[in-house]
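Labels run A, B and C following the written order; every chain starts at residue 1.
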Amino acid sequence: MAEQLLKVRGLKIEGRSDETWNQIVNGVDFELKKGEVIGLIGESGAGKSTVGLAAMGFTRDGCRISAGEVEFDGINLVNASAKVKRELLGKRIAYVAQSAAASFNPAHRLIDQHTEAPVQHGVMSKAESEADGMELYRKLRLPDPENIGFRYPHQVSGGQLQRAMTAMAMSTRPDLIIFDEPTTALDVTTQIEVLASIREIVEEFDTAAIYITHDLAVVAQMADKIKVLLKGDEVEEADTRTMLSDPKEDYTKSLWAVRSFQRPQKPYVQTGQTPVVSVSNVTAAYGKVPVLHDVSFDIHAGRTVAVVGESGSGKSTTARCITGLLPPKQGHIEFDGEALPLDYRKRNKMQLRQAQMIYQMADTALNPRKTIGELIGRPVQFYMGLTGKEKRKRVDSLLEEIELEPSVYYNRLPSELSGGQKQRIGIARALAAEPKFIICDEVTSALDQLVAEGILKLLAKLQDELGLSYMFITHDLATVKSIADEVVVMKDGRVVEQGPKDDMFKPPHHPYTDLLLSSVPEMDPDWLTNLLKERGVDNIGDAAVGKM
Amino acid sequence: MASILRIIAQRLALGIVTLFVVSIVIFAAVNLLPGDFAQLILGQGATPEAVEAIRQDLGLDQPPITRYFQWLAGAVQGDLGNSFAQANFASFAGTDVGTGQGSVAAQIAPRFENTMFLAGVTAVIAVPISITLGVLAALYRNSAFDRTANILTLSSISSPEFFLAYILILFLAVLNPILPSLSNIYDGMELSDRFIKTLLPALTLTLVVTAHMMRMTRAAIINLLASPYIEMARLKGISPMRVIVKHALPNALAPIINVIALNLAYLITGVVVVEVVFVYPGIGQLFVDSVKIRDIPVVQACCLIFAAAYILLNLTADILSIISNPRLRHPK
Amino acid sequence: MNIFIAIVLWLAAIAAAGWVFRFVGQKVTGNKPLFRDMSYGVAVGYILAAVLLVWLGWSYVLSRSPDQTIANKYFFLGKAVEGFLLFAASAWAFRIFGRNVGSAGTRKLFRSMPLTASFGILTIIIYAIVAIFAGAIAPYGQEEILGAANVVPGGNPAMGGNPDYPLGTDQIGRDILSRLIYGAQNTVGIAFATTVLAFLIGATLGFLAATLGGWLDQLLSRAVDVLMAIPSLIFALLLMTIASAWAGSEKGLLTFYMVVIIAVIDSTRVFRLARAVGLNIVVMDYIEAAKLRGEGMGYLIFREILPNATAPLLAEFGLRFCFVFLTIASLSFLGVGIQPPLADWGTMVRDLAQFINFAAFAPQVASAPLLAASAIALLTVAVNFVVDWMLHKSSGLKE
């Protein structure tokens, strides 16, 4: 087999905060052969991006490599001079960043940025590199490969930019490419195109790669072996199939297990029952830009309706219409069979109380200057009129309900809590109003998988105990599978398809639902290969054109 | 291109409207004076007949709106009225209003030129120095150089202009007689001589403006260097010089232009105090003198000129930064 | 011309020394990364800094020279070095004091505080004490005309001084020390009142515009745009002309007008900031949550928005105070600000300015106007240091 290309041994990295250095990576080892792909996986704060950059001998400002070796093809990058490192970077080691939109220089054309590294490193002439660039664009299935390079970054869509950046990394035919979450910012249907093209081109040129991501299913498609990181510590490493089928460590097992939480389908709602919330023929616009067209669906007591769609599909706007923040142009919204005033300012306290909301970003949803007690106590006092001891008692019982110890958390500020705990406070604040109906707007998408799992279980428990109805806005079909009773699929401001969950996940589907469902990566290393076979390569291109 | 032209046209129109409204504000402010100009010119002891005569002469018997448009029409044509101080009261009976020795325009013109010279010399010294220092501070941020520069510029910004002026006089004119401490500039003097005499006030202004400009440049560049595309360029193994010239500079243009224009606009205010310290015969000194003797037409005219220059500079900055923005230059 | 040749030679020498420094460094340390990756410009920077430090030290030595002409020439540089060291030492001592005294919160604050900030805080405290107790501290009254005029500062009778008047007296025989102390009360007090007024106007309107939006926001924002299109010092001078006509001979009334005028002009800047800060907070989800709960406008502004705006507003208060303070000082210096007989630093600088020309042979005489000017500079520098630290701290917390 090929020789070792990269050896990382005992890598320790420190980061500076408040004038002191704290260790953020505590000794990581791995080796990479020529043409091999390793997946680095972990939750946020695991240090995987830091390790990825350190594999290039590079640290961001405020970080430093404090110990260990990074040996690339016999050269130790840790104590190499700046000049030696410059000769390797961009020539033999390349980098693909998470946000292509921010990582392309807005002032230059794509092709000029593409040719920069080959020309500067003396690999190719400008003309050769331009021709090669167009060839790479074609290989990566970018539309109009002859001309797309002459556009500026802001004139090209996100998925295309990500592929253009992969082409740029390939421009010098490097031995090693570091992919730093290249598809995290993309929608699922776009993600699959980028994944397929990255994998193809890496195989074609036999390039070694470090693939960094938090998404297990994605890394299963891309990597030959997987390394799991947790808070800067190494958990375990194994080849992909072994890792998926037979994880050794508890932490890895728990990561795998996340996908297993699933509520059983509840019996279908009988016809003739009055829904808790009924959205009928709602059409809405921001100023003159129409965003919703004739949206209708019902939410019944004790049920969870998941509204699914990609960014820009109008799912959050639907929530704004229901809450009355964006009064619809047409259509009406009923609550328990009675029409609600469309503007929230015209609703009475009772109507406001019945429908509560939980937000995606707990950081912006909780006033950072208020203690937990104040945050939850305010709706208790405002709606229930409780004060003093009674209020405290109610807040305590709410905190117990969301599984946080009242005496510990009552006087804390949101900044002293973890992301999952903050989201729990958001739930408690909604519960304090004793509502019938709660809108959950992407409540788990900012959280790590294990934490998200806990939130979903809590929401399910509360629904069973209190008979709540949820409208669950999400782009993540795994979340839909685990918690929804009914599903509404949206695209471009319209409802594409709706029905009970079990029906939705069984064919036949509307073509868009089909595209959406089949694009969600699965934990099977052969999933992408099979899917591509199934769809046929041209089909992916068609889907791409359809989306643009 | 069409959209960028439209944006520029919009900014220009907005600038003109602002200037127009500012002229109204200035005119209205002056008309808040108790009594009227006639009373003011002649003092408390004037006979009603004399007051009435001047009032008619100046058109004060007409309604304010008419007077405003007369003033504005004159101002647009370069006729800013007559100075009270220079006016020979007897000549008010005559008809040569706005052309004689006492006209505001005749008083302002040479001084305006002097002030522009001072501002020009300052800009030529200050802009290159401060941009260079600002970029250096950003590149070597948190180094000893950056920290020292931070303390020095903060101190310079915090000091009143006259303090810096007297410090410079102390060291460069009194203790080491290198430069003259008074700027007696007159018509027909040689350029080199004029330059030497302008140098000390120009250096004072440079100290103030450089501090501001350098801090703003530093902030803009640091902001820029933090962007992912700079990290990308460094990860491509490009030389540090090329990263700055090819990747940072084209994007730094807009913020730097903004910084320069803002500080030239700031010069306009700074010039007043510095001109007074060095007895520099510029428009700022004329303005302060006129304020003290309540020479309303001159005050009004100077104010309008300062405001116009200020608006013009901000407008230029706006338009230049629109032009240098690639997103606007190459629309989708 | 000689001086230019000298400058060029010096620069050439420094440039050469920079190269030598790096070369020797590489050889001596066996090519350690510090010297190996050092760019030429950085090497020159080190040499330049060393030359400047040596020059400053040598100047200090010269300022104590027995030869009176040389000592006079370096008198001010020497005093500046002494002053700098004194300030640095007292700031350091104050920081140690702060780290060991007070509540746990303040101790923690002092632990991460840079010297500049502790210097700023110490200075502000001293100014506040002097301003409040001016009447008790000052040896004479601010308007009191004493026997001797033009007494030289320094208190040394041999040089024309008088120990009764340590900083000398002015042209009409008022004690300069007392006037400096009363100046703290008048200048700082008036500037403080003006800033508070500017904040009351600007912040109230700014938050209203941010929360209500709509036509009120449009109207206020356009009005502020127009007012800000006139340079503030120019506008202040124009309005002061009118105010002086209104006030006539009543000096107190003119000072009152000045406070109002500057407050109104500066409130436009406060408005901009308050509105921007307000708008940033208004888009937060917790404001939306409060609106959907049915909360009223008062609760929104005072309970949800204001607590989150205190940090930027406090920093702005410091900066605004500096601007106001400098504007008033400039107006007074130009003769249209705080009116005599009130003691005021700006006016004192103007009145004493001509003494600077005696600096070459009688440096003590020349120091009087510089003392008044540096009294102004010192306070603004101090406030700016503290604000700089606050801004740095709050921006660092965000990351």
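Everything below uses one rule, namely that a contact is a pair of C-beta atoms (placed from the backbone, for glycine too) under 8 Å apart; a residue touches a chain by one contact, two chains touch by 3 or more.
These figures come from a predicted structure and were not determined experimentally.
Colleague: Return the chain pair with more inter-chain C-beta contacts, choosing between A-C and B-C.
Modeller: B-C
Colleague: Measuring between Cα centroids, what's the chain most distant from chain B?
Modeller: Greatest centre separation from chain B goes to chain A.
Colleague: Which chain has its C-alpha centre closest to the mean of all protein C-alpha atoms shown?
Modeller: C
Colleague: When the C-alpha atoms of chain A and chain B are each averaged to a single point, how far apart are the two points in Å?
Modeller: 51
Colleague: Averaging over Cα atoms per chain, report the distance between chain A and chain C in Å.
Modeller: It comes to 48 Å between the two C-alpha centres.
Colleague: With centres defined as the mean C-alpha position, give me the chain B-chain C separation in Å.
Modeller: Here chain B and chain C have centroids separated by 23 Å.
Colleague: Send over the residues of chain A in touch with two or more other chains.
Modeller: none
Colleague: Spell out the part of chain B that touches chain A in their complex, as residue ranges.
Modeller: Residue list for chain B touching chain A: 227-229, 231-239, 242, 246-247, 250-251, 326-327, 330, 332.
Colleague: Contact residues on chain C for chain A in the complex?
Modeller: Going through chain C, the ones touching chain A are 33, 36-37, 112, 284-286, 288-289, 291-295, 304, 307-308.
Colleague: Quick one: in the complex, what on chain A touches chain C?
Modeller: Residues 18-19, 79, 81-82, 323-325, 344, 347, 349, 352, 357, 359, 361, 364-370, 378-379, 382-383, 429, 433.
Colleague: So in the complex, which bits of chain C are touching chain B?
Modeller: 3, 41-42, 45, 49, 73, 76, 116, 225-227, 229-235, 237-242, 244-246, 322, 326, 329-330, 333-336, 346, 349-350, 353, 356-357, 359-360, 366, 369-370, 373-374, 376-377, 380-381, 383-385, 388
Colleague: Note which residues of chain B are touching chain C in the complex, please.
Modeller: Its residues touching chain C are 18-19, 21-22, 25-26, 29-30, 32-34, 40, 136, 140, 144-145, 150-151, 154-155, 157-163, 166-167, 169-171, 174-176, 178, 181, 265, 268-269, 272-273, 276-277, 287-288, 291-292, 294, 296, 299-300, 302-303, 306-307, 310-311, 314.
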